[in-house]
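Chain nomenclature is as follows: A, B, C and D, assigned in order of appearance, with residue numbering initiated at 1 for each chain independently.
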């Protein structure tokens, strides 16, 4: 069974910046998808410019893990698509947010926080340290690895306390950052991974590629998508699991929907 | 120093249901505020029907802890007010969500999940068990206490894994529910507390009142409100904390704002 | 690749109580191992009475997941074996603690807390509710399932806040209990699962058996066992990752071991 | 009401190293206690060399928060005293572990893990970043502060996932470390704080002193010490909260103690 993965790319700077186009000639999304392809992962791509940003309902229903890279055009992503993705995450689809996707609508939607940070584009050295040796996302990695040129992101990072901190980055200019964080939202596994500024060849780095493949496997929830993920069913007194006689005043009639 | 608390009430069923009006003649919000008043807490109220639902910017700026009870009219709460409250929570305002506020826009906004559950309005017995003896929200409580008549809420509760589980409820009809959950969102402490269906005298119960007072004290963050809670400042290379020479290609000019 | 699982059983009441012997003629450990055997799991057993309790170093080195059931003879387990198991957990071996193993030396060793609870042996009904729908340990289970006769365990349960709460139990007599809790200790995944009093046929229940199989798969860490799991290596200044000149006073000479 | 704080110091290097004696003429424990004294905190000291290491039962019973600094003589601390301290933490005493106390018996006892790390004594620059702006332990601090000379501690740090990560350190030599971590163990709040190598004047630093004072206030649990913190009481069927008739086979007679 392969993990059906969709790599979503904003695909803006690849079209407007020669620097980015030179590093990722077919787009960042295509480069990431190429990296993932393998015995247990099948990866396709989707971009902002496609109808429904390439993420119609029937495609998401066939997606096990969605990877999201966006930067310049967060505001152009339709709210309807964001909500659709959120619902699929709640129902069990894995979601991996890369780098500047910290400000993607879908990440802020799922975190409930500003998701802000400090930043510097100076091509400085980043060193990622593994803080949770047993984590499947760190499988096969050394205790640390370096990216010779990266954008700096610095703490405090405006996210909720994670389930687990998997990586912490050291930056040459003096900052640190929680670079790999796991969350669960409903039945969906969510992973944020920091590296990946578009002017550097980060997604060609073998260690980064290992993280991406590991993250897809970790985020994959093989259970069937949860049905009725927003429902709040009424359990009438005569269907209670224990003998129960209804008593006291009531607002709702039998079988009535609750308020929302 | 008193903790400036605002109790927000939807104030709908108090006006439309004689049952509710009889239990809470001046409204649930007023009953809760009366309970909180004391040496270290000063409590006022706000309702849906007031301009800006009683929560204009200058009032939130003077609020240490906001308590929220809503049920029938979640959809009538203006998105602008929801966003304003979210920003204050991120900046340090405490927020306590009561009972049917699990479906309040502000709770779903901060959790990023469906926040759904199962329910039954049968006036059954609820018994709350303390699961974290050291938690300040449980101070002064026995290991368990009962509410003879309450609405049932059942698991699975569609929320993120909490920071701490403080209470778990047993229901006569056979369900369980995580009834007291703590979260942090930005600099704000968030507490969800389950009991409080409007057709029962729950907020007149001494143990429930103890929880409310404890929760206000716990949620209060005495630090000054965080300024610029959504900002993502650029730290130029020449202002880096360590000696740093910028190198490599760049998308941004010095001093430029980042993308959102 | 099969997950090499060892089911450790105290094997006392099976020898001294006809009731237990009738339910588990070959011992609880054998019954659990039989349940686990399958395409991806190979299960063997070990008991208190064997030399080194059946858990010598070379066997643990070949064990992916260890399951532990003990009750009457916690005090008879050698401290040396407990420490050996702890080291293997830290290095990546999965550990599943069943029922009365809440008081096993190895569980208290890994939790750092009293691990106490309230209890009642009255053959009452227990109903387990799934609280984390996405958790692999709950795969294939309905939202709740019942055990018609079980011992009661009640909150507060003296354990650290878990990574995730997977199950919560409802008891006929009025208590609740966090019945499925996940932890990580070093590189090892740890799961506590409540049901399994020896006088009831709990491990013959299909839902319980599903939990056990799921838990083995979840606890399995396929990464190689961590080497030197207690080491605290000195990184001399001349081997630092960044250029560094040692300065200031020192307690330690180059290459010296740290204090313990 | 003042928070009764005891600062425990190993008091070895102060006696054997002129460097340390020059920085802390009356001992590190006395310097830390001096820092804490104030309107809401009263601080005394205890050392390894005193009978029962200065921590007899009646003194711990009068201690709200215990601070622990040890390094060269972890092995000389009596197991009986360690267990006594652990019991008081479980019952509600706060505990703050400083620097090399990561290898103190009491920290390993409460964490259940190796608590190891990498290290280098080179007097390098450490910069601590606040990662949880709302945390009371960070009250009054800037987003980062520096210690010009400190020992390096590096990840991976062999501790359980914390409740909250409050500080992360950047080191000149290229490492990072989770320098401020909160835990709860039973009713006791536990805080680990990294800085404080004895050959540098770390505890004379104003920001470090602010952290220590904040940490004492955070760790203080004003609730009365929990009685019978290791008890596991039997709740007989005829005293159950809900009507319950005992059924099925039993191992225990009424009123019997459980196994341990």
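Here, a residue touches a chain if its C-beta (ideal position, glycine included) is under 8 Å from a C-beta of that chain, and two chains touch if they have at least 3 such contacts.
Fair warning: this is a prediction, and the values are worked out from it, not measured in the lab.
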Any idea whether B-C or B-D has more C-beta pairs in contact?
B-C
Interface check for copies subunit A and subunit B. Shared numbers divided by all numbers used: above half gives same, below half gives different; which is it?
same
Measuring centre to centre, with centres taken as mean CA positions, what chain is farthest from subunit C?
B
How far is the middle of subunit B from the middle of subunit C, if each middle is the mean of its Cα atoms, in Å?
36
If you average the CA atoms of subunit A and of subunit B, how far apart do the two points sit, in angstrom?
26
Between subunit B and subunit D, tell me the centre distance in angstrom, where each centre is the average of that chain's C-alpha atoms.
31
So subunit A residues touching two or more other chains come to 127, 132-133, 154, 161, 163-164, 172, 174-175, 184, 186, 241-242
Enumerate the contact residues on subunit A facing subunit D in the complex.
127, 129-133, 143, 154-157, 161, 163-165, 168-171, 174-176, 178
Could you list, by residue number, the parts of subunit B that touch subunit D in their complex?
92, 127, 132-134, 136, 139-140, 144, 146, 163-164, 172, 184, 186-189, 221-223, 226, 241-242
Interface residues, subunit D side, partner subunit C - complex:
13, 17, 19, 71-75, 86, 90, 100, 103, 109-114, 116-124, 149, 152, 154, 158, 160-161, 163, 172-175, 183-186, 198-200, 229-237, 240-242, 244-252, 258-260
